[in-house]
Amino acid sequence: MQKPENDRRDFIKLSVLATAGAACGSTLCSCGDQASDNISKKIKLLSQDGELIEVDNDILLEYSGPMCAPPKEARKGILGRKFVMVIDLARCGNARKCVSACQKMHHLPTEKEWIKVLKMQDNEMSSPYWQPTTCFHCDHPPCVKVCPVDATFKRTDGIVLIDTDRCIGCRFCMVACPYSARVFDWSEPEISPEVAALPYSPETGVPPKKGTVSKCDFCPDKLRKGEIPYCATACPNGVIYFGDENEDTVSNGEETLRLSQLLEDRAGYRLMEDFGTKPRVYYLPPVNRAFPFEEEETSAS
Amino acid sequence: MKGQKNILSSTNQAFEALQNDLLPRSFGGLGKLWVGVLLLISATGLFFYIRQLQDGLVVTAMRDYTTWGIYISNFVFFVAISLVGSLISAILKLSNVKWRTPLTRISEMIAVAAIVFAAIIIVIDMGRPDRFLNVIFYARIQSPITWDVIVISTYLLISVMLLYLTMLPDLALMRDKWVGIPKWQHKLYDILSLNWQDTTEQKRILAKSVKILAIVIIPVAFGIHTVTSWLFATTLRPGWDSTNFGPYFVSGAFMVGSGAVIAAMYVFRIHYGLGKYFTDKHFDKMGKLLVLLSLVYLYFNINEYFVPAYKMKGFESEHIMELFTGAYAPMFWSIQILGMMVPIVVLMFKKGRKPFPMFLVSLLVIVGAWFKRFLIVVPTLAHPFIPIDQIPESWKHYSPTIAEWCITAGTLAGALLIVTFLVRLFPVVPIVETAEDYGYLDEDGSHSQQDKIIEGHDNT
Amino acid sequence: MTTPKINTFNHPSLWWVFGLTLVLSIASFNAFAQQSGKKAKARIGLQYFNLGEQEQLVATVKSKIEGKYQRISNIKVNFYRELMAEENLLGSTLTNDQGNAILVLHQNALTDSSLLTTYIASIENNDRFRDKEDEIYIKKALMQLELEEEDSVKWARIFVGSPDEETGEVLPASDVEIRVLIKRLLGTLPISEDLEYTDEEGYVHIEFPSDFPGDKDGNLNLIAQVNEHEEFGNLEIRKTIAWGTPVSFDPIHETRELWSARANAPLSLILIVNSILIGVWGILIYIIFQFSKIYKLGKNVTPKE
């Protein structure tokens, strides 16, 4: 076990390197092998406290792993944020790109889905539709309520995470979650040595551990870079919007909208409101659909 | 006293006969077979548990949807059984029921064995048993599991104390009067008997302590099973989301606990020839008690199923229909009829309250209660609010694996082993207390026959 | 209004780049000759960004993989000015994960004579892709963002102009599409859905809604943009102003709830559980104490033999 101060210092170092490494791939920075005229360029990065800090371009290339906080820091959340997701059911064609991207980036096996695309039908007369279903990161999370050891927790930025170093595998949270969002590592996870060697953080859930619970984490590693989660980026139809409620803004990577306006105009709703769980994921009803409902995969174009 | 045998100078033949009847006996052929079989089942369970430790819970049939299986239903069963200790020792004691004396010891033994295995099975169900101490170091007071850990450990302690305290006079008796036993056994009684010398002051303290424990154990007993019911009732799931769950569980627990005591009474009556202590009258009384408890349980069952069945609210109706007419219907109706209605009807009749029919009825009650807990845990999880989709077909239906059955059977055998060994070491019917009840002892309660030595029963 | 300062091309590092490129070009020529038949086709798209204090060229490389155009990373792109000749090479960069090769142009990379510049991005002598280039003609432009509040109405005034080729005097550019956005954590939020165009004087006046949440002081990072204008390319200017509504958040936010961490359990719950615990275990400890009492009492009695 590391001492907390070390933990904290390492994290700052790590986060700067990681953010910087990530920013290397973003459009505002150049880091070509011969572009020596850019060396002094500074990059703006989102720090742990949610502030923008400037970092020298030089240190960027040293680190290319995921950016994430160690267990203790990961419990706090990104300051001043209230993350929120909006899923536009009218545009979902069951391309399942969100599922595969999520599985790939979180090193999940195929049978383990943190995001599921489910066939829903509200009643016999209405047409079925596809519903991407994540962890809803409820504001009144029933799963967190029942955890006996503080292994799953609600952060100030709204995200509910799991510390698989703490989890005892009682699975009470899975039972308590009315949305079946949580999955369990029933056996020793099959991961590559590279994944196993990654520094553990509740923010990525990587590397996974036998006998513990995991679920959709809203990709805090991406959020720390100022990017939307993997599922939202991967969706070919822009179904998944992600943003900060405090900024009243959500984006699907292509268009950026006002959250309040979007929910008002499109009659956004949350699943099973009467449970009082106050989910952080909103749905836009499947009206005026982009695709007709088909059992098979429809459109990815 | 060493080496002396057969020195009998009795002033009270009756008390001696009582001791002869009730002192623990070595295992006979049948007893050895019984222990052997139980050991074999426990060892098989242990073997599969070691495999589970290596491979993870993947050896069970539990998966992401049915995430609690027979381990948890078995846990609920054990907690339920354990409640009988408080019923016989405390509730009947405080209500001055005289005939309960021969039943107290066995019910407390059953309670201790059951609660020990309730705790063990919870660890078995954990994905990370190596982190068990997190439950203490990082205890979250908001979690019903934390409450359960608190209340189970409290109940375990009270049960052990109640079993132990009431046994002090018997331990002293065995220490002083029983020769021909191995040295370690004598030493055990010597240590455990806490210098018990039957003094008036000691008896006063004992009586007071037992009374306090008898009072304390009742709320704790209600607590242990109510909290266990809250593991389910505090969730939003159909079939569990019920305010009726606490009393429903507690009443069911008293019912199955009584069933367990009746079964044990019958076994000891036949095997050890204890007809004098577990008399027909005792069976009759226990039969009446079981009818009463079954009727209470029936009442809560009606509440539990009729009200949602009348409303047929969305997801709740799916769950109810699955039990009434769906895949779980045969099990559901068998349990309701064989495990509850038949016992009620049989026990209504005087002839039904004879030992043998009572024994059969109690077995029905016990088996029914075990499967009833399966029905409480599993079908609910198989019907979540969000449709089950995109998972392997085998994950959708839960039918326990061989490993699961073996581990579960191992815990049941383990609990029976605990009872068996307790009975091997300690009198299954309180000797001194029974003698007091029968008036075999002097008015001041001390043994009138001070220098009497009893022969051991090693060759029974 | 001033014309941007334009200096001569004299950055020393570019000579170094030039030399290296030359060596690489010669080295890769042989490889090119051997494999030319098998190379795939790539698309390259060049864009120009004027970010106020900085100018950038961004070349996006795509290629058809499994029937779909995908962005290609790690491809060397050469950037030229006016002509694809070695002495006109501005620099070379590799494409990143998004398939973008980015070159930051220093002010001094421009010559004062060229208000109209041709930029070329090209893939050359690549061992995976055939040669391909894209060129754009950029007219030097100027954008200004003024933020004013009149009678409690907030106005964003944007001016777009371009220096006259002969006089250098900045002339207003009309009919240029302008977007005003707010920089957010995960994107840029347009302040209105309507399209706005500069008038004949080169101005756009946009009334700024006052209900956008800002940071805790109400600060908003505003961005005025011209996107893919046929003459000017992409123009962008940023300003921070406290025109948003302050969003207050409790940095601690740890209220005592059932779903809080163990340290923040509801007081009533702690009180109830602990008083029950102390009550019951107090009694049990008392009983255990009685054990020792019984033990001590027995010591004083001589065992009856």
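The first chain written gets the first letter, and so on, giving A, B and C; residue counts start at 1 in each chain.
Assume contacts are C-beta pairs under 8 Å (C-beta built on N, C-alpha and C of every residue); 3 or more make two chains touch, one makes a residue touch a chain.
Since this is a predicted model, take the numbers as computed values, not measurements.
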{"item": "Contact graph of the chains (line, ring, star, complete, other)", "value": "complete"}
{"item": "Identity of the most central chain, Cα criterion", "value": "A"}
{"item": "Taking each chain's C-alpha mean as its centre, the one farthest from chain C", "value": "B"}
{"item": "Pair sharing more residue contacts (C-beta pairs) when B-C is set against A-B", "value": "A-B"}
{"item": "Inter-centroid spacing, chain C versus chain A (mean Cα positions, whole Å)", "value": "19"}
{"item": "Distance from chain C to chain B - Cα centre to Cα centre, in angstrom", "value": "66"}
{"item": "Whole-Å separation of chain centres (CA-atom averages), chain A against chain B", "value": "47"}
{"item": "Of all residues in chain A, the ones touching two or more other chains", "value": "142, 145, 150"}
{"item": "Chain C, residues touching no fewer than two other chains", "value": "258-262"}
{"item": "Of all residues in chain B, the ones touching two or more other chains", "value": "138-140, 142"}
{"item": "In the complex with chain C, residue positions of chain B that touch it", "value": "138-142, 147, 150, 154, 157-158, 161, 165, 168, 176, 194-197, 199, 201-202, 205-206, 208-209, 212-213, 216, 220, 450-451"}
{"item": "Residue ranges of chain A in contact with chain B within the complex", "value": "99, 111, 113, 116-120, 133, 142, 145-151, 166-172, 174-176, 178-180, 182-188, 210-213, 272, 275"}
{"item": "Complex contacts: residues of chain C adjacent to chain B", "value": "258-262, 265-266, 269-270, 273, 277, 280-281, 283-284, 286-288, 290-291, 293-299, 301, 303-305"}
{"item": "Residue ranges of chain B in contact with chain A within the complex", "value": "55-58, 60, 62-65, 67-68, 125-128, 131-132, 134-135, 138-140, 142-146, 149, 231, 234-237, 381, 384-392, 395"}
{"item": "Residues on chain C engaged by chain A in the complex (per definition of touch)", "value": "11, 13-14, 16-17, 20-21, 56, 58, 76, 91-94, 96-98, 100-104, 106, 181-182, 184-190, 212-213, 215-216, 247, 249, 251-254, 257-262"}
